[in-house]
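Below are the structure tokens for one structure; questions will follow.
In this document, chain identifiers A, B, C and D correspond to the written order of the chains, with residue numbering beginning at 1 in each.
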Amino acid sequence: MAEIASLQEAVQTLIADHESVALEGFTHLIPQGAGHEIIRQGKKDLTLIRLTPDLIYDQLIGMGLVKKLIFSWGGNPGVGSLHRFRDAVEHQWPRELELEEHTHAGLANRYVAGASGLPFMVMKGYQGTDLLKNTKNAAVIDCPFTGEKVAAVAAINPDTTIIHAQQADRKGNVQLWGITGIQKEAAFSAKKVIVTVEEVVDKIEPRPNAVFLPSFTIDAVCKVPGGTYPSYALDYTKRDNQFYKKWDSISRDRNTFMNWMERHVLQTKNTEEFLRSLEGVVT
Amino acid sequence: MDYTPDEMMTIVAARQLTDGVSCFVGIGLPSAAANLARHLHAPESILIYESGTIGTKPVALPLSIGDEELAETSDTIVPLPEIFNYWLQGNRVDIGFLGGAQIDRFANLNSTVIGTYDNPNVRLPGAGGAPEIASMAKEVFIIMPLKKRAFVEKIDFITSAGFLEGSHSRTDLGFNGSGPSIVITDLGILRPDPESKELTLTELYPGVKEEQVQENIGWKLKIAKNVQVVEPPRDEELQKLRELKKA
Amino acid sequence: MAEIASLQEAVQTLIADHESVALEGFTHLIPQGAGHEIIRQGKKDLTLIRLTPDLIYDQLIGMGLVKKLIFSWGGNPGVGSLHRFRDAVEHQWPRELELEEHTHAGLANRYVAGASGLPFMVMKGYQGTDLLKNTKNAAVIDCPFTGEKVAAVAAINPDTTIIHAQQADRKGNVQLWGITGIQKEAAFSAKKVIVTVEEVVDKIEPRPNAVFLPSFTIDAVCKVPGGTYPSYALDYTKRDNQFYKKWDSISRDRNTFMNWMERHVLQTKNTEEFLRSLEGVVT
Amino acid sequence: MDYTPDEMMTIVAARQLTDGVSCFVGIGLPSAAANLARHLHAPESILIYESGTIGTKPVALPLSIGDEELAETSDTIVPLPEIFNYWLQGNRVDIGFLGGAQIDRFANLNSTVIGTYDNPNVRLPGAGGAPEIASMAKEVFIIMPLKKRAFVEKIDFITSAGFLEGSHSRTDLGFNGSGPSIVITDLGILRPDPESKELTLTELYPGVKEEQVQENIGWKLKIAKNVQVVEPPRDEELQKLRELKKA
């Protein structure tokens, strides 16, 4: 059953150094606030997992907290490069970054296998590409019925998955809607689950295109309104496309990046303070 | 009306989309082209973004594949495993639009690294949904502006398979999709030779010479017998494209 | 793109003798009306596919139209046996019935493989049971990563799938909601798809727990209000539990069954007449 | 208050359900027992029906797993592949309730045929969700009234695995779930021996003698050293059960 907890407490209790963490969100509902809390607490040597590592992963990598990244597309969507990610891969700054990369479908199916209690999942793809050479977690197998060759991807089971949702109720049941991406599978494949939410409501009313996660599938629910910024929570907040563009110049230079992190993340206590620190600075 | 090579490229790409098709759309040029088509001659085309939004009808061009505009104007939204497994892999996508950092003469694409994989000069974003679009969409349209460092003899990493080593090397692998049928550039159009699958210059944009294309390509380009000249942008095409970009 | 057609026309055009047909519905939204139309048109030597063959399959089998049944649970839910099904298996009346049987999860995953364009799907299960001995379409394979043994089930791709939905719009887009079972996978795995609906609306408003099928994934949409009776369409009709109980006595005896079919199905033209013929007879 | 053996069996089954557990419920006795528990001591238990309804709170007992009552009172409804792959196979079900037409001394169940498979005397409905519940629920509760033709030396078909040939033959197959922990009958309770896994009589209902149980079982029944007597139905248990059945 999910405890309604503070984000600080949840990160302290449920994430340890050297563990694997998936902060999932496919361009929507990205748990940036939880990522900042991980940075504030200086959790280290993490293996980060996510289809689309974006700004918050760029920050975790730039802060030197990440040992390994398992991913399928590492860019600033619609803008360009993630400069801290590139700096780590191209120049090992601030440390070497081990990579394991997949296609979106491949990593999605690794989560599906994990969520399904299976050691692997089958799919088409990978054949004919160089991706197959660079991971142990994809292989080509034969169909036992037709002999056809298909790809197999190994299950992934993060130590902790963190996602952001619009609503929880007081028992810790959670509902998210809109683009729900791979969040259900990321949560179901993990050993521990943290959900940050916009709002705690008395009763959850089912929504179209929604994912409902019963309390018993979650370890901690934390109220973190605005916790996706600059991403968004449909019907609650707006995506700040300007900030995504602005991140390009903040992150391009090591010093500018470090100063920004110092000022807006390390010197703020929580998401509320973080958001306040940006007022008048951004856009 | 005057127009830029980039506008011409987008408009030519839009023209390829016939009405009623389902189209798996990436951000940037593909999204601009697909939405332009939807606003002009293909109002019943079904745009699918890899974020799981199906049948989206954005008014403004989205910055990311997950903009609220896409979620709010879609017929339905499905989770990622479904969009990849049931829709793309399940053969429900007619057209996939792709680009990349590098392309070779058999339309294989690289969006992973420039240089070696373990010690790259430039680390690119990586695969994303491109490899599965390339192998599974019934037909693939590639949009890439011509540049010598992009159109290369040998790409540094095969992220998404085109025709591999040409001829039947793609069909040997049993992919669902028939592969790239067109490469739309900012100077003209390349299409795979029916037999060898080598990209061949088949159309030029008005005022462009064959040599200009060859100058921007890192291999000796095959040229079709009768290279056609593509119709320049019509006013309504240009106006609608500019409107979309402004919104 | 879906044609809005009459059920009579759709069954005539899209179903041929000797083909495989899945009329899916997991206790909800069962396309009984379409099944009756198949009986009226006397389509024969059919291979029927469905997780839960119920009353309408009992009728198709009892009328001698079915050569083979692929299924996972063949009973009258909450009531008992399907007597026509039993009579066919136990006494070959009115003809021999070939069986291929699976577990619910197994047959569901056969549809999933079919819907996913894969030759097979992996799952746990089947091991330790006698089911494995009696089908060619389940096997045990090794995980290429861990060596663990898992079950594989072959893809199933019906020639035609028929489902019932609450709503279509005039373009032939379809929405169903409530218990949606395996209908999406049954439709997506099939070569041809017929959807019968309660209502044709101007615009489909997304509902919670809904499945949306775009027009281009469907061949024919037919308006058949009440077409699930005695099953139901959530928010449109009620399940007639009394009829399910009553079916036990109608179907137990061959003559009673044949008379009932004659009077209520063969002598009626469509679902409307069928429903009218039951007024004052049932409950 | 007076009560029937059937009521006693249902009430004993309900008592096994601790509060807060997730329970995969079949129609009939399991559904009655699980809902009774939810109305008494286990209000926070999560009832999951194989139709995909999760967290259902029916007032009346449903006839089928798909009654509108279940859909209308659930927290959420998921498609079938999800209920089986993500919930049951994904280890999210604490308790599975099962019955069957035949059971053997190692709690293997038959719900497929009486007689031979190819030429059965009685064709039963078949597997449904039972085999996966039997192998994957963390723990399995079996409810079956005692009858000599149901509790047999050798079942005609293994539909759902209990402990197979006993001892470690189940664990050898690497199932997720630990198997049946209890068989609740209308006369008493059988539990698997910790080592051999053979079903053993551990509890009797008030007024029932050991011989009565043996008379209804087709093999020589193992009997525990100290057979306990189960507490008879309490008034509130009986009243609530009758209320549920009437609704």
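Definition applied: a residue touches a chain if its C-beta (ideal position, glycine included) is under 8 Å from a C-beta of that chain, and two chains touch if they have at least 3 such contacts.
Owing to the predicted nature of the structure, the values given are computational and were not obtained by experimental measurement.
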Item to check | Any chain that touches chain C and chain B | outcome: A
Next on the checklist: Can you check which chain pair, A-B or A-D, has more C-beta pairs in contact?
Outcome noted: A-B
Next on the checklist: Averaging over Cα atoms per chain, report the distance between chain A and chain B in Å.
Outcome noted: 28
Checklist entry - With chain centres defined as C-alpha means, what is the inter-centre distance between chain A and chain D in Å? => result 41
Checklist outcome for this item: Taking each chain's mean CA coordinate, chain B and chain D are separated, in whole Å, by 56
Next on the checklist: Quick check on chain A: which residues sit in contact with 2+ other chains?
Outcome noted: 116-118, 123-124, 148, 184-185, 206, 209-210
Item to check | Where chain D touches two or more other chains at once, by residue number | outcome: 76, 85, 89, 136, 176
Next on the checklist: Can you tell me which positions in chain C touch chain B when the two form their complex?
Outcome noted: 1, 115-118, 173, 184-185, 188, 204, 206, 210, 212, 214, 216-217
Checklist entry - For the complex, which residues does chain B have touching chain A? => result 27-28, 50-53, 62-68, 70-72, 76-77, 79-81, 84-85, 88-89, 112, 117, 120-132, 135-136, 157-161, 164, 170, 173-176
Checklist entry - Of all residues in chain D, which touch chain A in the complex? => result 20, 22, 46, 54-55, 75-76, 85-86, 89-92, 136, 176
Next on the checklist: Residue numbers of chain A touching chain B in their complex, please.
Outcome noted: 26-28, 51-52, 71-75, 77-79, 81-82, 85-86, 89-90, 101-105, 108-109, 111-112, 123-131, 134, 148-149, 178-182, 184-185, 209, 211, 231-232, 234, 238-239, 241, 244
Checklist outcome for this item: The chain C residues in contact with chain A across the complex are 116-124, 136-137, 139, 141, 143-146, 148, 150, 152, 154, 206-210
